[in-house]
Amino acid sequence: MKTKMKTAQDYVESLRKLELEVYVLGERVENVIEHPILRPSLNALAQTYTLAHDPRYTELLVRQGLDDEQINCFTSLHHSTQDLLNKVKALRILGQETGTCFQRCVGWDAINALESTTFEMDQALGTGYHGRFVDYLRYVQQNDLVCNGAMTDVKGDRSLRPSQQADPDMFLHVVERRPDGVIVRGAKAHQTGAVFSHEIIVMPTLAMRGGDEDYAVSFAIPSDSDGVIHILGRQSCDTRKLEGSPMDVGNATFGGHEALVIFDEVFVPHERVFMNGECQFSRILVERFAGYHRQSYGGCKVGVGDVLIGATATAAEYAGVDKASHVKRKLGEMIHLNETLFSCGLGCSVAGAAMPSGTYLVDLLLANVCKQNVTRLPYEIARLAEDLAGGLMVTMPSEKDLNHPEIGPLVEKYLRGVAQVPTADRMRILRLIENLTLGTAAVSYRTESMHGAGSPEAQAIMIRRLSDLEAKKALAKRLAGIEPRGDA
Amino acid sequence: MKTKMKTAQDYVESLRKLELEVYVLGERVENVIEHPILRPSLNALAQTYTLAHDPRYTELLVRQGLDDEQINCFTSLHHSTQDLLNKVKALRILGQETGTCFQRCVGWDAINALESTTFEMDQALGTGYHGRFVDYLRYVQQNDLVCNGAMTDVKGDRSLRPSQQADPDMFLHVVERRPDGVIVRGAKAHQTGAVFSHEIIVMPTLAMRGGDEDYAVSFAIPSDSDGVIHILGRQSCDTRKLEGSPMDVGNATFGGHEALVIFDEVFVPHERVFMNGECQFSRILVERFAGYHRQSYGGCKVGVGDVLIGATATAAEYAGVDKASHVKRKLGEMIHLNETLFSCGLGCSVAGAAMPSGTYLVDLLLANVCKQNVTRLPYEIARLAEDLAGGLMVTMPSEKDLNHPEIGPLVEKYLRGVAQVPTADRMRILRLIENLTLGTAAVSYRTESMHGAGSPEAQAIMIRRLSDLEAKKALAKRLAGIEPRGDA
Amino acid sequence: MKTKMKTAQDYVESLRKLELEVYVLGERVENVIEHPILRPSLNALAQTYTLAHDPRYTELLVRQGLDDEQINCFTSLHHSTQDLLNKVKALRILGQETGTCFQRCVGWDAINALESTTFEMDQALGTGYHGRFVDYLRYVQQNDLVCNGAMTDVKGDRSLRPSQQADPDMFLHVVERRPDGVIVRGAKAHQTGAVFSHEIIVMPTLAMRGGDEDYAVSFAIPSDSDGVIHILGRQSCDTRKLEGSPMDVGNATFGGHEALVIFDEVFVPHERVFMNGECQFSRILVERFAGYHRQSYGGCKVGVGDVLIGATATAAEYAGVDKASHVKRKLGEMIHLNETLFSCGLGCSVAGAAMPSGTYLVDLLLANVCKQNVTRLPYEIARLAEDLAGGLMVTMPSEKDLNHPEIGPLVEKYLRGVAQVPTADRMRILRLIENLTLGTAAVSYRTESMHGAGSPEAQAIMIRRLSDLEAKKALAKRLAGIEPRGDA
Amino acid sequence: MKTKMKTAQDYVESLRKLELEVYVLGERVENVIEHPILRPSLNALAQTYTLAHDPRYTELLVRQGLDDEQINCFTSLHHSTQDLLNKVKALRILGQETGTCFQRCVGWDAINALESTTFEMDQALGTGYHGRFVDYLRYVQQNDLVCNGAMTDVKGDRSLRPSQQADPDMFLHVVERRPDGVIVRGAKAHQTGAVFSHEIIVMPTLAMRGGDEDYAVSFAIPSDSDGVIHILGRQSCDTRKLEGSPMDVGNATFGGHEALVIFDEVFVPHERVFMNGECQFSRILVERFAGYHRQSYGGCKVGVGDVLIGATATAAEYAGVDKASHVKRKLGEMIHLNETLFSCGLGCSVAGAAMPSGTYLVDLLLANVCKQNVTRLPYEIARLAEDLAGGLMVTMPSEKDLNHPEIGPLVEKYLRGVAQVPTADRMRILRLIENLTLGTAAVSYRTESMHGAGSPEAQAIMIRRLSDLEAKKALAKRLAGIEPRGDA
């Protein structure tokens, strides 16, 4: 079978051709690929290419495309619950391999949400979005592209609807309609992996109502389109990557990034527009994208959790406390919580079903349950990691102290745990735990777990809405011996 | 396709033929079927027969037997992960329909655990247990029998092994070997559904070591065999069923029961013996049975949870508080927790795999994670139910007060919530919540969730054992930049 | 110093003189004192008399009255934070001694709330309530009376204000004003200890607004006044007390009770009226009473928690598992949670302050925090108790089985734990845990912890209201370097 | 009354005279006072001087010294439970004012622990430590010194006792005894505030047993003694303080620090030695110091919690979500948890009692309960803060981006929340939350809450040990009707 799958090297080369406008810490970046703060993020994304060529993972990471060619799973549609399950397993492995957010799920989830939504829009409204979208998807698959799935608007005053804002640009919207396309203005916040994406797939951030038609817009554009500006978000400990002390970084190879992506009057040709004013379908699109993405976290965060559990167990071993009953219990609890998340990832996948287009969607109730747990359990896992790591994690001297000719030997002597493990290794594993609980990776393991794919309250609302409470009441009334009344 | 499935009526009639020795509250019971404390338990079990004939549930509750005939799923083997998933869904429905433990899973789980274990024993040791067991299973399927899966010994002093106990009978064991069979003595505690089972399938309660060979014994016998004595356990509020006030019972139709089953020198013929001294296989048998049963709770308790959520929502509606934001939030949280359990039930099922005999086993790590959550989340669901139900649940007068000619109208007047709902209905729904959180059904929703299929510590130990912590450490070390050392 | 303190015997005799109208399970009770369902409740209340004569507790349980005579603390005013602290300690001891609710705090808390509120009403409005109240209090102290503090109305439809209800009697109110007093109608629910109280002190159930003046009423009357009807609430396992099997009761000596107290046109003379239409003071009265009562739970429930912890430790010892690390850890966690409640009881006491009348009030914010914890932590303590008690707690045969000539010896044999402890003792301790977690005492340890002194949402609202969030914002803005703006 | 209290200016000047050996990021620091990474820590410590001169806080922060002069409370002994309560209140205020660890408690706690322990040592053993210690304390009070309380050794392999370690220096110990004093070697880890302390008070890190006499040593020395080396620990985001972007620091004024303090053959004259081989008193000293310090956290962390709550409420207001019911609820929950900690701080204080020397000690059981809660609740408070802050906290561009001539206006435009609040203020408050949950202050709000004054397991052990479980068992047995047996 022919393949269109890029290697990691192909991927990096393809990025060099992009002419992105990127700012980091107040400066325009010329070479995003070699920028030391950004590079670990590129490395993590590149793992989605590397591992797809690894025979151990072919079943999970390689799928069949629209034209039956071999494609990277991250550009594929889900054709079965097995595909949904494999997604969760694939993401867990990538989380294990990178110890961070590898940033490519969001585009995958956007593709699947748009495919079925455009199909149903066309069915209902006689529009022609689905064909356009499939053409676009073919292009993505053929070129094995990274797509940034851009949903979250900056939103301004949260108590106001898009068209009520003092500044009408607080939600991305169409500001001009031309014969050949539309001009949009606005900004998408928290854009994970944006700087290393070839494409940006824009979706509305919430269910639009009448009056907000200009905001009900979805489309795809190259990430270096005119008017697109990327401003990198600061992460905790980001500049440690500039210090030349890889040990202090914790995970010197892999990382993630988020950017504020500004659309300063950007042109979108019609063939790349997938929704344009159809408010009634914005809810469906948002819920499906969110559903897929809430499922994702039942895989990727579990993989990162595996790394944190392993790091914690190693730190305990290096301190000589791994046999203590409370240490074993707490490690067991971390595993329990982590596997609970995995169970939730599997559960919403196996309970999925086909949409009218034939593409499979996760069970939305269970996907929201999955994500709701992700907003809680990693925090407890992290707390237990901080418990077992001990205070040294945050009071250790730097790598430069360890390497200092005079005080280095004292650091080496006094921070040794069990005699047979070098102090440097002990420091490395503690720095990795710091990275995951307080540093750059905490941004993805904690904050992204909390807010990615929607904040906890968004899931709480969906859980209440998707559960058939009336059916449960009927069960209870019958068992309680309450006769049905006319009004109920 | 021919069917061997009993109706509920057939089932009840078949029980009449048994000559059981049963004691309830210090008295020998002549007619167990009509005993008012026991009857709700029979009704719940009978639902496993009734619903199997309900066309809505055919896919879930009817399966193919050893001879390709239609059988009740509760006597079937699992041939796929779909079968495992269907089990969880079936149990949820039965939990919803009965609002209590319906007591038939334990036999189902025993059947599946013994089938694969006996197969592997024969493969390893050249014994002939598997054929015997399949013959026995055929008999069970042909007659659509209820089997009590009897594992938990009374155990005496928990700090001592079976053969170390002051009284050697604290674990059931072979006390005599005869040409035609064995004589056993001992007692199994907490035997759910025992009084309405046709058969008792005995298994060892823990992994036996050398020296405990007489305790490594598994077999099946009719429940009215000579020497078998059933003594009913007291449940909270059990005698309310004797008072003639069905409202005060909460769930007057369905319930559960547990019995202490004593084996006072009971003869077991060889053809019904499935393990006899093979200590090394006792661990496998125990872990598989426990694994299946820990999965079960991700279905049945979720169904009961649905009832409790529905009852709580109804009580809130009857009090006029259902629109309050904290009430909606707490109901949403109950749903979230309940669906987390369901996700865990699905997760360990879809991650299952075939054993050498071809029968599918759940993923043991995830099944233990499922049950560990069952020891916690129903308690929080119950706490929230008690929160929303209000104090009236435990301070309400009795049905007899409501029906009293003089004070009845006062109770009717003063305990009314929203004007359009009769006070009696409000009292009924509160009694159902009381039943589930404090009364007879609390025994299954709380205590059985805690201890059924093994206490929380048993799962904690299994989770630690089944998780590959070394692999996680290796992930962490690689990301931290720690070079592999010779000794690790 | 002269004393007016009754002995327990005096107390019981004084009750005999009351002509109460009490209904239990649909029947009028002639002799409330000897009624087997009620008697344990009387015994618990009587302990407040007995222990006040115990020299070990003089410092805590005996105080000085209005006329400097020795009085039982339960009729006293708080004159210092030390008094408030001593209250918490006294309640803990009584909880330890009875293992249940001893029912006398509610009157104590009513006395203290009314004393300061009537003082301030008179100051503000020129009314004469305080003098009346002090006269009444002198009578209570002189006669060492039990006062039922009756606050909670039945409330009908919770979404409606008192005067909006379909039935105007859903909140107790004045229905007629006479020259010599008022006539009231309504009902108070969940009245703890009502049947064994000499007096009922009625207070409004919430802050009344304009239009609800008839509902802003507070007064005291003898509990056997014409028109007062007591209907006993059912408790889980209440009728076990009728069976003649004290072992199965768990705690055969002590218990509690709640009654629905109906005021069916009851006359109150003016000299016993302490509020009559002053809506603006109803909030203060409610909040102070609730504040004192929320403090109380930081004492009494801690004492009951001590009993539950002790019972659980004993059950673990009897099963031979007391040396297991998880058992020790869980017992430690139970103690931690229990002492957290005690700390909260002490904290709100020591942070108390004098009201204008000179009587000390607890810190209301911290008292609400205390009670909010009481709605949560006892549930976790109970869950841990159920964990360590094991399933036998709910599957054990009855005392009658144990005493049965034939099967008794089998029960004795098979339910023995460690060899040296009689089976009967093991059963007794497990029944006590059942009593506290599922039975009659669970009504006080669980449900009363949840709803007594106000449901959790009531405390949540108070905590938000009493905390100075603006001051906290100012702290944060200053540290963040935010300049004060004109509008903030 | 005369005063010996330094001003903040005096304090800073006095530090200039010290000749400390301090390393930061691999470099010897010449001017510790002006070092930008260290300066915020000095500022925080200086607040203990500044506020002591603020008339609002005189009652809390000024006390009477050994010679009846006015002293800063941080050098005082506790003479009553009121002193203990005032300590908790004082620490809360300092936490509020600085939003971080202000580092001076550890010396205060050391002083109080040593005073009573040396008194009892002398009583029991006839040693002369107490007089020496009082002389030393007088010197501290007279000069209003900051004392570093140095307890925690580096500990090496935690499974080994001090004298069993491969390297005997893993616990600080006496390596030589001279006529005029002793020579010690070792290192103390996690030394909060060490660089800005005048004095170091060394205590053993755990209860020493026979064979570890050389490790049972306590003494005080000037912090610039020969052989004392300070190596600064890295904190998350520490180098942001070097970037010239105060906004990105979050709290640009105040911070904390920890150092590894190495004792490389340090001479201690006899008059400064307070324990020297008396193993049997090392446990008492450790437990008392830990007890005081576990109490401290019920004050200081509550103050920091106030800041975090205020910052979160401000962020919610700036985003326009402060009226949402879930936001109000979560803020209320944060307050509830924070005030629970405060209650625990008050509780262990008011339950304190005088030691034989007359100095008051907190209730050790309740102090351990306090600290155990501190290892949990701030984590949940922080999680809720991260929930309400939203993802922007970790994806925001830098201050330099905001100030950039081209993209600055875009950042200003798109990151605005409610229209009337400048974007810069919104960013400032989010950076403060980042500082507290992920940045430099997270080291004190999270990790120090976890491990300071002993890790959670240390408290769990103490709670089990200090609670009289046998007394609780006796309560339970009596209520259960279990007759005392001869053996129990």
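A, B, C and D label the chains in the order they appear, each numbered from 1.
Everything below uses one rule, namely that a contact is a pair of C-beta atoms (placed from the backbone, for glycine too) under 8 Å apart; a residue touches a chain by one contact, two chains touch by 3 or more.
The model shown is predicted, which means the values in this text are computed figures rather than measured ones.
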Pair exhibiting more inter-chain C-beta contacts, A-C or A-B: A-B
Chain centre separation in whole Å, for chain C relative to chain A (CA means): 51
Inter-chain centre distance, chain A versus chain D - centres from mean C-alpha coordinates, in Å: 38
Centroid spacing, where centroids are CA-atom means, of chain A and chain B in whole angstrom: 39
Touching two or more other chains - residues of chain B: 326, 329, 460
Touch-based graph of the chains, sorted into line, ring, star, complete or other: complete
In the complex, chain B residues that touch chain A: 85, 96-99, 246-247, 250-254, 306-311, 313-314, 317, 328-329, 331-333, 335-336, 339-340, 342-351, 365-366, 369-370, 372-373, 420, 425, 428-429, 431-432, 460-461, 463-464, 467, 469, 471-477, 479-483, 487
Chain B partner contacts - residues on chain D that touch it in the complex: 325-326, 329
Chain A partner contacts - residues on chain D that touch it in the complex: 23, 25-27, 152, 154-160, 166-167, 169-170, 187, 189-190, 229, 231-237, 239-240, 243, 248, 258-260, 262, 264, 319-321, 323-324, 326, 375-376, 379, 383, 386-387, 390-401, 403-404, 407, 410-411, 413-419, 434, 438-439, 442-443, 446-448, 450-452, 455-457, 460
